[in-house]
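Below, chain A partners chain B and then partners chain C, in two separate complexes.
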Partner chain A sequence: MKLRISVKNLKEIADLLNTIVSEAKLTLKKDGVTIKAVDPAHVAMVSLEIPSGSFEVYDLDAEEDISLDIERLKSILKLASSGDVISITKEKDRLKFEMGTIVKTLSLLDNNTITTPRVPQVSSESYVVVAKYELEKGLKAAEDVSDSIRLTLTANDFRARSLSDTEESEMILSKELLKEIRCEESVKSSYPLDYLLKLVKSLSSTDSLKLSFKDDYPLTIEFEFGQPAKGSSDGYIKGIFLLAPRMEQ
Partner chain B sequence: MEFKTAYKIPASLCIRCRGAKMLCGLSYCPISVKNLLQPKIARFNGTEISGSTPPSIFVGRYGYPKVNIYPSAPNIHGDTSGYEDPSKWMNVDMEEFLSMRLSLLRGGMEVNVKNISDPGKTLQDIQVMTLSEKPVEVEMEFTKNINNAKIVLDEHVAPMGPSAPVKKLTIGNGKIEGFVERIYSEDDLLAVEGINTMYRRGVDVTRISKILSVGALGVRKQRKAVPTRWAITAADKNVSDQLTDEIKEKPQLGEYLAYVRKTPGNLFTAILSPRNWMFEWGEAWYPGSTWNQWSDTPFVEIDYEMYGGRKDYPGIGGCYYASKLAALEALKGLNRQGSATLWREIYPGFNLPVGVWYVRENVREMFRSKPERFSSYQEALKYIASFLTVPVNKWRQKSGLDQILYYGGLDRFL
Partner chain C sequence: MTKCLNSFSNRMPWIEKYRPQTLGDLIVSDETLTQLSKWVEAWKDGTPAKTTLILHGKPGMGKTSCAYAIANYAGWNVVEMNASDQRNRDSVRRVALMASLYSDITSFASPENATRKLILVDEADNMFESRSAETGGDSGGTAELARVVRETRNPIIITMNDFYEFRRRGQNREIADNAMVIDFSPYKRKNTNDYKQFRLKLMKRVRYILDSENVSLPQSLINEVMDRDSMDLRSIINDLESFCGGSGGKTHDFDFSFRDETESPFNIMISTFKSSTYDDVLDALMSKEDEFSTEDYLMWIDKNLPDEAKEFEDLANAFDLVSLSDVFIGRVLKKQHYAFKRYSEEIAAGVSTRITKRNQSFVKYQFPSYISAMSRMKGTRASRKSIATKLGRVTHSSTSTAMDYMWFFSYISRKDRRGYASMADKLVISEKEEDVLKKT
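Let's turn to the complex of A and B:
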């Protein structure tokens, strides 16, 4: 096996996974890598499709699963410069990372110790496509108010509101400020704020996010990130983030 | 030595009450404490004592890094180990507990915490005294009459008697287990490794915290004295971290376990749930309890952590780590992983800061009792709600884990 990928792409993948897990199983297939991870509380789930076009070199001996400690991977990536391209090879039960003048190895974890999450089948007719920086502003505004945020979607706008006994925070994005909106009947649901903030902060190269939900229902966020390798047209990484609702009591 | 309450209690109340009805609103009777204290300090002239220390040590935090370190002892000889054994304090009433603790007379000396790494003879004697598993004979001469000094009450540290600067200190021989001696003599052993080894060998966190406080642990050159209040939490936290790693390897519980414990002025409840490790500690202080003297509704405060742990110090303080240790010990005893939701209610009249030991020992005792078993969180919640006096919805609104346990996160949509 030999892979070459930009430090930027790999770092963004690791940062995103690390918002919900510290270990993950990667499924290496002919056309790319897929990853599914659920946080230990079963509140949030990430699934990623990393096409072979995200890699400078994507050369497999066989399709296989490999499991990694994401925090250890992140500390290896700290040794690289942001412009580096990293070479990854597998030697028995270790991965070898070569970047510039540094060579580091990382022991693989036993695949059986990482559970593959079952993915809930959720779907909603209503969705909104919003600029990431707009949503991030709204989430940050709510951060010191409450640990939960209520999203409301109507035919005309998208709102994110947090309430405490003494304070309130609301982001209102009217139709003109949204990239896309589809909603026939208004929907609302609350979500834990910290998961959303961590997700948005980890996605450094994403421009826009597609959010779909309905009343008291999981939130689905779809996004693309990363940079295709040179010469590849379809090398963006596709991600789906699922988040359980916070129910009103 | 005088033991006085902060305000005057009219004699008419005491005459009608006679220590039985708590008419003054305190959780203990000051007159009974005084009467019980008397024989313990009877032969005491105020400037010198001779007694058996359990061993007992207190390290202050004011003026850090220049702090006061206080070996202490009652003015009696014999087996005084009960004076420093929180597991025994639960079985005596508050008056007996207070009179025992307040008779621990403290001889203080100022020390820079860093000077512990190369202690002089006196500090070394104090360290060796603290390491002992059995009481040690101590003689102290004070520069001032200790009868004129004040007593200390602190919510983290068990109450202790008055102090005076020590002029002369003579410490007898203690008895130290070989492995404790080796940890003390080792030059390069990290403090956390010393703590974990002692815990594994059966040394309780209370004693570990004392050994840590006198700077007897860690890499020799970096050893420091640690104020008692911080040392207690450091011991609870370090042992908890170790136990957390251990229980994460265990299979999940098979059902929901609910525990309840009532003590004078307190209610403790717990639900252990069949999920990955998570922890929550909540306290509801009624008006008229130690930390809610002026409002007119119970105040609920909750801190929690998810599977990955917390990065910041919980606002609730040392009780968080003391209760977490007790919950982890319970899960370890069951050989299972689970989520622990612990809530405590503190009622009016419980108005004396007694120390975090009270939480640790009562939560431990609660987990020793037989739990009620349920197949759902909702049923377990209903059971503990029948004991809680704060409405269960108020608890649930403040809870960090309730949402996940009640609604099941994403699992509900599978």
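Let's turn to the complex of A and C:
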């Protein structure tokens, strides 16, 4: 097995996974890598499809699963400079990372100790496509108010509101400020603010996010990130992030 | 030797394979069972007043198994915080609090949507032991847990060994007040109705396991295992399994409490009594386990000697030798010249030379009753010591002096109730300590 990937892409993948888990199982297939993970509280789930086009070199001996400590991976990536391309090879139960003048190895984890969740098929008619920086502003405003944020979607606008006994924060994005909106009947539901904020912060190369949800139903966030390797056109990484709704009393 | 047939179909340890699947599989009293099912039912119509279930009792009684059986019965997913996780404020918030307020994202994958999830805080005793940042002990963890219990929309089960100790700390009283508390010790005293009921249920379960595994063991042996492991279900099942050669498929020796690769006490007993030369006995002693001390060796000989030496004269001679060895042990311990223990051991190793008519038939070596009795009383002894320390402090005497006069304090506590109440208040006497004092 030999893989070559830009530090930027790998770092973004690691950062995104690390928002919900510290260990993850990667499924290496002919046409790319898929990763599914759920956080220990069963509140957030992430599913990634990394096409082989995201890699400079994608050369497998066989399709296989490998499990990694994401935090260790992140600390290895800190050693590389952002313009580097990393070569990854597998030696028995270790991964070898070569970047510039540095060579590091990382022990793989036992695949059986890491559970891969089944990703639920959730779907909603109502969705909104919003610029990442707009959403991030609204989330940051709510950060010190409450643990959860209530999202409301109407035919004309998208709102994110947080409420505590003493404070209140609300972001209102009218139709004109949104890239896309589709909603016939208004929907609302509350989600964990912390995870949303961590997700948005980890996605450095994403411009916009598609959020779909309905009343007391999981929130689906779809996005693309990463840079295709040279000479590849479909090398964007597809991500789906799911959040469980807050249970109303 | 007892022969067992092994089923090779499944190599899972019995303790996993026969983990209770539903409430009915649990070995608990009928009263407890009613309480448990009431609690589960209450969750069917919204959040009940008692969101939390506290299960407390000794290890191995099936507290964790009970939590999983409940989840299975009610169709809840389980989010577990166990002892190996960090238990500080941050991790309680990240896992337990998040899980308690939001629905389960994985449950949307199955057709019967959005069921509840059970938050299991396992072995909560450890949560409060250490305050160092390194081990991730309590730094606001209990306060956060109190918040979780207050605000949760999902059922919570907290398991612990010592509820009374738990309740005394910080904000735990609030947790305890918001919880339904179930004592997982199946009976208070032997030979009560509870005890009989418990044994009956246990026997039924053991029979079920043995039948499913297609093995048979003599009733006397099952009783023996149950007696030795007293109330510890986990040990009983593990012992029975190791008895039947476990899932590995080979027959083990009769060996209850030592399961190591080195020579077991049982094998050492065989060498001691059945070897043809004294040197063979010494060889066997060389490879004994470190934990198997000279004192243990003497106790094992003491217990099993009467089965080996059937002639009175032999028995007397052999015991003479054992007592000689014991005298030396006493001196070694007194002078703290532990290196000389070896000589005492070697004296005792010659015990079979004193037996003229050896017992040629098979002897089932037994675990010294003294050791099992002591280990059963371990908890009591600890409480005894702690109350003696407390009494010693107010009576200006040492712990051991207070221990000697325990009969007196016990007498007072029974006769002068008011005086005792004020004393108990001042000394902060726990329930266990009170039990010890009253029973002395």
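Going forward, the second predicted complex is superposed on the first by the 249 of 249 C-alpha atoms of A that agree within 3 Å, B and C clash if a C-alpha of one lies under 4 Å from a C-alpha of the other, contacts with A are read in each partner's own complex, and residues count from 1 in each chain.
Everything that follows uses one rule, which is that contacts are C-beta pairs under 8 Å (C-beta built on N, C-alpha and C of every residue); 3 or more make two chains touch, one makes a residue touch a chain.
All of these numbers come straight from a predicted model, not from anything done at the bench.
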item: Three-chain arrangement built on chain A, chain B and chain C clash or fit; value: clash
item: Touching partner for A:P120 - first (chain B), second (chain C), both, neither; value: both
item: Which superposed partner A:I172 touches (first chain B, second chain C, both, neither); value: neither
item: Which of chain B and chain C A:V57 touches, first, second, both or neither; value: neither
item: Contacts of A:L242 with chain B and chain C, given as first, second, both or neither; value: both
item: Which superposed partner A:P40 touches (first chain B, second chain C, both, neither); value: both
item: Chain B versus chain C as contact partner of A:V103, first or second or both or neither; value: neither
item: Selected from 135-143, 207-215 or 297-305: the stretch of chain C that, after superposition, runs into chain B; value: 135-143
item: Doubly contacted residues of chain A, that is, touched by chain B and again by chain C; value: 38-45, 118, 120-122, 147, 192, 218, 242-247, 249
item: Complex contacts: residues of chain A adjacent to chain B; value: 22, 38-45, 118, 120-122, 147, 192, 217-218, 242-247, 249
item: Interface residues, chain C side, partner chain A - complex; value: 47, 77, 79, 81, 94-99, 101-109, 114, 117, 153-154
item: Residues of chain B that touch chain A when the two form their complex; value: 275-278, 306-308, 393, 396-397, 400, 403-404, 406-414
item: Sites on chain A touched by chain C in the complex; value: 38-45, 117-122, 147-148, 191-192, 216, 218, 242-249
